[in-house]
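Read from first to last, the chains carry the letters A, B, C, D, E and F; within each, the first residue is number 1.
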Amino acid sequence: MTAAQASISRFPVPELKNLPEDLRARILAVQEKSGFVPNVFLALAHRPDEFRAFFAYHDALMEKEGGLTKAEREMIVVATSGANECQYCVVAHGAILRIRAKNPYVADQVAVNYRKAEITPRQKAMLDFALKVALSAQTIGESDYAALRGHGFSDEDAWDIGAIAAFFALSNRLANMASMRPNDEFYLMGRVPKSG
Amino acid sequence: MTAAQASISRFPVPELKNLPEDLRARILAVQEKSGFVPNVFLALAHRPDEFRAFFAYHDALMEKEGGLTKAEREMIVVATSGANECQYCVVAHGAILRIRAKNPYVADQVAVNYRKAEITPRQKAMLDFALKVALSAQTIGESDYAALRGHGFSDEDAWDIGAIAAFFALSNRLANMASMRPNDEFYLMGRVPKSG
Amino acid sequence: MTAAQASISRFPVPELKNLPEDLRARILAVQEKSGFVPNVFLALAHRPDEFRAFFAYHDALMEKEGGLTKAEREMIVVATSGANECQYCVVAHGAILRIRAKNPYVADQVAVNYRKAEITPRQKAMLDFALKVALSAQTIGESDYAALRGHGFSDEDAWDIGAIAAFFALSNRLANMASMRPNDEFYLMGRVPKSG
Amino acid sequence: MTAAQASISRFPVPELKNLPEDLRARILAVQEKSGFVPNVFLALAHRPDEFRAFFAYHDALMEKEGGLTKAEREMIVVATSGANECQYCVVAHGAILRIRAKNPYVADQVAVNYRKAEITPRQKAMLDFALKVALSAQTIGESDYAALRGHGFSDEDAWDIGAIAAFFALSNRLANMASMRPNDEFYLMGRVPKSG
Amino acid sequence: MTAAQASISRFPVPELKNLPEDLRARILAVQEKSGFVPNVFLALAHRPDEFRAFFAYHDALMEKEGGLTKAEREMIVVATSGANECQYCVVAHGAILRIRAKNPYVADQVAVNYRKAEITPRQKAMLDFALKVALSAQTIGESDYAALRGHGFSDEDAWDIGAIAAFFALSNRLANMASMRPNDEFYLMGRVPKSG
Amino acid sequence: MTAAQASISRFPVPELKNLPEDLRARILAVQEKSGFVPNVFLALAHRPDEFRAFFAYHDALMEKEGGLTKAEREMIVVATSGANECQYCVVAHGAILRIRAKNPYVADQVAVNYRKAEITPRQKAMLDFALKVALSAQTIGESDYAALRGHGFSDEDAWDIGAIAAFFALSNRLANMASMRPNDEFYLMGRVPKSG
């Protein structure tokens, strides 16, 4: 936690030692698991109550079982964050997507233009719905749900897809507003085989 | 909890008796206070974990003290929800705004076009920032923060304004995706003097 | 006619006694019927010839018989004025819509997002056409007329729908340009039963 | 009045002999003056009351004296009609603009991109305001009026500029909705010297 | 080559005598054929290498044989240049379109709103594809190619249509960036019969 | 040159041995230098004349000396290609940018949101201009050139910036229209130190 870290957000970034115990525990756990602390944890620690709600919401949507794989959930994040021009989310979740999909190409493809990505027609339908929630949720109607059902998605899957897009509508705006900086570690993650 | 309530969301609405205890307690408390249960509580109860995170986040932003009055926080909700064409949020938070501002006109004005609303220049600057976060957060820059400071807002106030706009970017998308229906009670709230 | 009335428009508002006789007669008649003078009459009286043409056009479209009910004509006004962010027209015609439809909810619903309003599929088709004329008339084609016919609208009805949307494209722009202020009376009209 | 004329509008076009006397007189007068009947007169004759109001409004704005020349008024029509992609209005009023400005180039320049047209800085400011009324009237504010004043326009001139843009917002939508066809005569008018 | 010619571009315009031999030859040839030098040749001569590549590309797309007539190729140029608000390209290629189509009306119709132009359904399908490449190429998909095939266009024709739209995406941007001025000669070309 | 290569474009991809000698030479040279053949060379070889003009234009803009470094030229390509959602150009030129800038992070930052990228204010001004040419060239005016001059750019630099943005307006549209696929090699290039 050095002075240089102030640049990860345009708002003050608290020192780890000054954080409430539950936040510090969560941050140490992710550091243990990932080898570094993703900057979003430090930037949001500026507001402990919002931090707790944010990550509770995140985990409820991203860590659960269901009709979508974890890679597909990340695909929704990367595609909608690309449309919202959120640098932090594209870079950080692009890394997670590469790892979860075990595919070094799909994140960049989906971030730039998911219509041209090498994904399945079912995944394209999933992203059509997610992008509509992200960009014009006021026009979502029954024909959009029917399109999902045509690809085997249940209504619960539809909620998941839409709710992830909606949650990252929040997340992308926070990151852009705070000029949150992605950690250098993310850029290379999942691009080379582990044995490389 | 009758069959008619199914129409408050296109997703299943659980019966109160089947909800986890903490959700039921929260819902009964709001019913006690307001005289009815706002539909968002019933619609989100479909997903208890998301319900908990949603209202924790909401309360962290809307119930706190700080440089913004509670009426101003609601003003941000109404203005950004109008821009996102979210019927539930405009109608429900319009009611709350009328009550908190003790003003029967301001909510409709702000929902349609805040630039023409009878609010202070400081409040217009607040809504300029909020709308920019809502609609093009990727372009937020230092000049936007400077404009807020010119009206006496601190950086902490700026976070509040932006975070409320960001949270309702999520909320508006959920409500539109689920076709959440505002309760009839909201439409008239705050429009007539209590003694009337 | 007091000094305070200057704030109903950013342009000069003439005194009633100085108006041409036909304008004064029209204004007194509306005051007799409504109990107050809607500000649009006073604001446009600034230009008597334009006043005459404006209300002649308005009456030709809004007061006639035909395939659309008067409530449906107001619905078109409220929906397109919402899309054009015209505070005066949403508030004033929202009141008229509530009264004509004998429904205290429909105006707010239609103003924010007609796709989620509790109206008939035929009325939604009517508003689809109206909104397309309001926002992208250059793309109107035979398929749009076919959609109307599929809901039982004649070509004369189509003209009515489109012409009302077109007339309020004018009206909304005048009101926004002049910062026309809705009368306080409109906000509560049609929200409570007459016997209330 | 031959069968071929039906194609000047997708709605029925009445025969001259069947029109109310005042409409017929107006049409014969314009034919006398111009040498042909502009199709807008025949297309709108489908609805006599709307015809009367339309041309009364048109004349009130376009034929009056004031701070704008008649050529400048037509310039506003051509620029906003270009932005609204209205073929009838660009072609017909382009002809009138060429004649009134005695300039065979200005109409095409203004219709495509007024920012690059060979007009005065004052005229560019006039068109900046007109285009803002045409495309985003909800954002018009005092700084827009100040910009006009900086070029010597009075508030009455500002009303004229905005009202013409607003009236053609109506006119453009009617013409696009009815697929109104410009007369062949307009294309060449004002392009060659009279003595040529 | 007089001083007045400097105004044909906001960048320096070289004198003919100072140009590389191949540029001068090309310019003299076009002058011989057209009777004047279209300003785009003089404006781009500022950069000889870019001039050579630009016209080589232009000729490869516009002068070849294939499923599209030369008039249809110009129709694509005029429609997409209208959408891009490029004055030079609309005026100059409008003239060429009038001549190649032997039709004094079609260029103005297509420039303002091709959907209302008096062209064939096949040509409208061609322009639908061209405009989609011009304005949202990222959304082009197999259904767009299928629509072209439904009107008898081959895949090679589709490439031609899209590549012309893409090339003028470049050309329109150069002309707007340099404020390139159309020659006076273009405005009247193709409007009157040769024998007139 | 195997069957699998057909998937690099939705149009036929010629075999190297069947290409005109100059195209084959160019392709072999790039293969020699890069270790693989970027797919754009194979996809455009479908049309030899367009291939020649395309790469001549590319080289005239990207390989020259001048006020912009080669890394800055690539920065313009990546930023505008991101805005145009062109997968091929973002991935391929992102690789070149990483190498030329000797910076493994800048390409992803610029592709998603250049306003938040770790580049100089001068480079941000360069990208402001480039993005305006890419997305709304019709509004470019003297104030945009003045902003560039304020950062030390000459008019010749301005042409370079705008012309690169304009050329990739073409390139992005071709790649999206043909669903051009980036080579796998690009994704990792420039991300790890050579000695790594």
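Quick note on the criterion: contacts are C-beta pairs under 8 Å (C-beta built on N, C-alpha and C of every residue); 3 or more make two chains touch, one makes a residue touch a chain.
Everything numeric in this text was worked out from a predicted model, so none of it was measured.
Peer 1: What are the mutual neighbours of chain D and chain F in this structure?
Peer 2: Intersection of chain D and chain F contact lists gives B, E.
Peer 1: Calculate how many whole Å lie between the centre of chain A and the centre of chain B, each centre taken as the average of the chain's C-alpha atoms.
Peer 2: Measuring from centre to centre gives 24 Å for this pair.
Peer 1: Find the geometric centre of each of chain A and chain E from their Cα atoms only, then give the gap between the two centres in Å, rounded to an integer.
Peer 2: Comparing mean C-alpha positions, chain E is 44 Å from chain A.
Peer 1: Take the average of all CA coordinates in chain D, do the same for chain E, and state the distance between these two points in whole angstrom.
Peer 2: The computed centroid separation for chain D versus chain E comes out at 28 Å.
Peer 1: In chain E, which residues are in touch with two or more of the other chains?
Peer 2: Only 85-86, 113, 116, 138, 176 qualify.
Peer 1: Pull out all the chain pairs that touch, please.
Peer 2: So the chains that touch one another pair up as A-B, A-C, A-E, A-F, B-C, B-D, B-F, C-D, C-E, D-E, D-F, E-F.
Peer 1: Which of the residues in chain B come into contact with chain F in the complex?
Peer 2: That would be residues 138-139, 141 of chain B.
Peer 1: For a test of understanding, state which residues of chain C touch chain D in their complex under the given definition.
Peer 2: For chain C paired with chain D, touching residues are 10-11, 46-47, 49-50, 52-54, 56-57, 60-61, 84-86, 133-134, 137-138, 140, 145, 155, 159, 162-163, 165-167, 169-174, 176-178.
Peer 1: Could you please specify the touching residues of chain B with respect to chain D in the complex?
Peer 2: Answer in residue numbers: 113, 115-116.
Peer 1: Chain D touches which residues of chain E in the complex?
Peer 2: 82, 85-87, 90-91, 94, 104-105, 108-109, 111-113, 116-117, 176, 179, 184, 187-188, 191-192
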